[in-house]
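Chain nomenclature is as follows: A, B, C and D, assigned in order of appearance, with residue numbering initiated at 1 for each chain independently.
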Amino acid sequence: MTEPRFDFASDNTAGACPEALQALVEHNAGFTSGYGTDHVTRKAADAVRALLDADADVRFLASGTAANSVACSTLVRPFEAMLAHQHAHIRTDETGAPGYFGQGLGSIGLPGASGKIEPAALEAALAQTDVSYHQSAAALSITNVTEYGTVYSVEEVRRLTSLAKAKGYPVHLDGARLANAVAAGFDVKALKSLDIDMLVIGGTKAGAPLSEALVLFNKGLSRRFDARLKQAGQLPSKGRFIASPWIGLLADGAWTRHAAHANAMAKTLAGKLPFPIVHPVEANGVFVEMDEPTLQRLHGAGLFVFRFVDGSVRFMCSWATTDAAVEEAAALANSIV
Amino acid sequence: MTEPRFDFASDNTAGACPEALQALVEHNAGFTSGYGTDHVTRKAADAVRALLDADADVRFLASGTAANSVACSTLVRPFEAMLAHQHAHIRTDETGAPGYFGQGLGSIGLPGASGKIEPAALEAALAQTDVSYHQSAAALSITNVTEYGTVYSVEEVRRLTSLAKAKGYPVHLDGARLANAVAAGFDVKALKSLDIDMLVIGGTKAGAPLSEALVLFNKGLSRRFDARLKQAGQLPSKGRFIASPWIGLLADGAWTRHAAHANAMAKTLAGKLPFPIVHPVEANGVFVEMDEPTLQRLHGAGLFVFRFVDGSVRFMCSWATTDAAVEEAAALANSIV
Amino acid sequence: MTEPRFDFASDNTAGACPEALQALVEHNAGFTSGYGTDHVTRKAADAVRALLDADADVRFLASGTAANSVACSTLVRPFEAMLAHQHAHIRTDETGAPGYFGQGLGSIGLPGASGKIEPAALEAALAQTDVSYHQSAAALSITNVTEYGTVYSVEEVRRLTSLAKAKGYPVHLDGARLANAVAAGFDVKALKSLDIDMLVIGGTKAGAPLSEALVLFNKGLSRRFDARLKQAGQLPSKGRFIASPWIGLLADGAWTRHAAHANAMAKTLAGKLPFPIVHPVEANGVFVEMDEPTLQRLHGAGLFVFRFVDGSVRFMCSWATTDAAVEEAAALANSIV
Amino acid sequence: MTEPRFDFASDNTAGACPEALQALVEHNAGFTSGYGTDHVTRKAADAVRALLDADADVRFLASGTAANSVACSTLVRPFEAMLAHQHAHIRTDETGAPGYFGQGLGSIGLPGASGKIEPAALEAALAQTDVSYHQSAAALSITNVTEYGTVYSVEEVRRLTSLAKAKGYPVHLDGARLANAVAAGFDVKALKSLDIDMLVIGGTKAGAPLSEALVLFNKGLSRRFDARLKQAGQLPSKGRFIASPWIGLLADGAWTRHAAHANAMAKTLAGKLPFPIVHPVEANGVFVEMDEPTLQRLHGAGLFVFRFVDGSVRFMCSWATTDAAVEEAAALANSIV
């Protein structure tokens, strides 16, 4: 067997991009106050606000699981449920973290092609009558880029959030791959107008060592938020190290530029793989149909890619994916079919 | 007012030490598998095992609050309590994080001079009869270096753990400043013989960007531990970034060397401060008696130090504390008394 | 519209049966110690042990939701999951209570006709490899009588529990309607041999005012169980009032006798209803196919019965169901089809 | 040793009073809808509203621990704390139940003589600055009758609630022995004017089999409250059995009448006991100074009374205490001193 390669297994198998790493190193000098009260964190938060063109509260967390789970537990009480796509990450791949952070808060899965919530399904769920023996819907979670690599348009997001808002329910947007959505044409500055209460912007998959930005467009939710984070183990003393990478990522557009590169690599790869493509390739993931023996042969050949909840197999590209790697992966795939 | 200085406010106000930062940068290259399954994490875990001379399971977490809280919730059920010094960090400064991670698990505070649990008090607590309306003791937590800068000897720890073990209770050791204890003479390789089930070794305060090592001497507790961490938001995808600093810290003894420096700086500072010293200066903290107007004058002069639970005011030194800074802080303190 | 009638809506719409109520009144006299330490509770627990012919620990709780949720949270940690039929009560109708009591513990739904877990599906679930991002199976929950009114035989239960035990997983049996299973031929004294760790025996649906017996066949789980119950709000001071009804129910077989009556009423009703029967009528419930307009006409005529998760409509009989009521309900149903 | 007697051990060692038990029996007939939606529950809730002369939402729970813990978890988030007297039941005798129901929510103990919160201490606590590493105050809990048998006047309660309200914090009143306070002169109809958000009225200690009324003066908190209760195992299907006793207790003043009797018995007992009285005897408890050998002799003689957190020993009277019992207890106490 050849050396195993993880570069298409996920977009979190790459290291940090140069811009993020350099900013981390540059902001290492000197002493700062702790727990997110420092000037590096302020500067990074300003950069996020500038990206969004919005006067929002911003925090940085070391984990996407935690960022989304803190959001869920802020918006939904234990006896209520989060509405989300049935295959949303918070429902399928977080070891039940939202329910741990939120003491058993529930979720209601909504159908929809290629990871996008079907508006009619959302409407139907919102129309359900409360009963005491069910966890009723209390908030909406949208993922963009979706779990299957597709990208909601601004109008598509607005349609969903307006349905939730008509019922008075708050909205969470899981943007673990928001950079890829933006690179695909989603207007990042439109987010502030979309009635989103809490937004998680992915830094890790975009090239940070490990950091997610948690944005509170709804500042009414910010009260004692640092205590909330501290209690959840998400307010590290040396907060500058999860903030500073954002300064590098956002200084000259690396965040979007790298995402555009990852998206382009995915498109190229999709054109070369010998498998049927099962979801539109709109961002940095390629989802294909592949039977189990073929997948095992790929693994045997050292190329790790994974089967997803809907049965498709995912190839991911990242800021670090090279043309050569795409060629090699495609060649290897073609050699084992 | 002069520029505020935080260098004596805590030992987490410094950046990362060169060894840790360099290791982080060096291990940035290439792709790895995620969620702590990577070779960098393995190498760092090996280094921790070598430090301890023990075949233990090792995990890395981005937060000390989380590391201690995960440990508490592993050892104590919600209707039970952790025995700890009454001023232990887990009881006083974590926003109730152990109770959040462990759904209301309790703690029982034990007295003892300068942060060390009085063995007789532990014995008395262990002799309490279970009653259904109290959270009974189920585990013991020891902090070394203590909250007040003193250092338990190996024999002192053994005495406490043997009392707990005689009742069949597991033991947690909070070693946020274990490096400073080791630099003060505590034999790190004796830990494996002290009946400690879970150990947290501080990396952050020792010079890492942000990382704590969670050591499971008791491997019976390791089952599904990664799932436990994932659910708690403590299994970051790019795990190498909280593991690699340990490679640098432990490669040639930087972890202990820097701690010895911090300890020495504290001793020097203690000799120059114009305040009564209220706890033995055995590690990197100096605790002094200071009235409130004096503290306010210090803050006004830009030197941030904080009052603790017992009323004393703490000056902390770190790997980054310089002789010049000690001179300046001492001069400033002398100028305002 | 006629006066609404709830007597077929559930088996918990009836009052208490005479035997239970009389025992409650009889044991009201005098003073007792509190919190389940009293002689009435001991006597009731003895009666349950005699019923089971087993030396088990027994507690009484005022709520079935709580009894099952306490069991789940005793057997499964937050980052693990309970295996259960996909339509099991603990998954569908408890407002997420197991997750609340167990801080987000998960469940894995298993298929199977008419509420019985398909053994092959259980085997497949047990064969799943642990991954850190999923809540892996840690225990099995079986419901007898099932959610759809069918009754597992002793051998069917044994087959499921032996599969779980082969993996070392504990077993919970939700016996909210165990009396009806026993009346249908299930040997209650066989339970002790079935490798069940925790058993909930329904009192409420069997004729108690409100009480469930929680049986710990596995006494290793009993440590500090009263503290567990107290913390969960399930150790009432005047415990005798949830214990004494069991003395009446079990003194001369009322518990089984009433259940046999309810089962017989269901069989009679099934023979008279003008709807297709969709599940075997083996206990006290009749599940029929009925379109929505017909159900609305039934409700309009004052007869409340409910649609279940699988789409069928349920008629329930209880200890208090009379021949006359069965006639009336059948006549009414026939009049509106 | 004589037969142990528990009649002075607590006011929950008595059975149900005749009025409560008769109402329970009377409302047993017929079928009702479940989960607190029935006409018996409505009638009982109306009776509670009439008692309070207030249009509040009312629920009935089987457990006082649960009623207070549900209230705490409604008013305080996990990273916040409840202000309460340092010896309040919710802090000292509930096995940490508020923290279990509220995922680690904290409490801040306030001093004050004989169980009454010292207003100056409350003011000082309310003036504390929020810091991220502490659970900051978010609500106030008052107990009347207090833990030490004293009774707040309406004006004393108002002073405390107005301090909390000035900070925007909600208020919980634990009225486990509210009947005894009312019998001692506290105007029950004044409660509605005291800015109390959630009130727990004790039924169990007042003569119910087991039931507490949870009153939501602040209806803004009622949204999905039945789901909250269901999830917490506090919405029993046969809700009538915890509601009906209130119909009997409140129909002709039994609730207050029995409490007045218990208060009178306590006054009589206090005059006969050979021990120094350490708290004013204003309700149904007598707290005395007693050394440990004497207490052991009392226990040895079969009279069970318990030592409290402040070191005093408590004798409780209830609706069922007789003159003869008071004479016997006093004689026994005098015989062993």
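The rule we apply is simple: contacts are C-beta pairs under 8 Å (C-beta built on N, C-alpha and C of every residue); 3 or more make two chains touch, one makes a residue touch a chain.
Keep in mind it's a predicted model, so treat the numbers as computed, not measured.
Taking the mean of C-alpha positions as each chain's centre, the chain lying farthest from the centre of chain D is A. Looking at B-D and A-B, the interface holding more C-beta pairs in contact is that of A-B.
Matching residue numbers shows that A-B is the pair in A-D, A-B or A-C whose interface repeats C-D, with more than half of the contact pairs in common.
One finds 48 Å separating the Cα centroids of chain B and chain C. Each chain gets a centre from the mean of its Cα atoms; for chain B and chain D, those two points are 42 Å apart. If each chain is reduced to the centroid of its CA atoms, chain A and chain B end up 32 Å from each other. Residues of chain C in contact with two or more other chains: 78-79, 94-97, 100-101, 103-104, 132-135, 227, 230-231, 235. Contacts from chain D toward chain A in the complex involve residues 35, 77-80, 103-104, 130-136, 224, 226-231, 235.
Note for the complex: chain B touches chain D at residues 78-79, 81, 93-106, 132-135. For chain D in complex with chain C, the residues that touch the partner chain are 4-7, 9-10, 12-16, 21, 24-25, 27-34, 61-67, 69-70, 94-97, 100-101, 103, 204-205, 209-210, 227, 230-238, 240-242, 304, 320.
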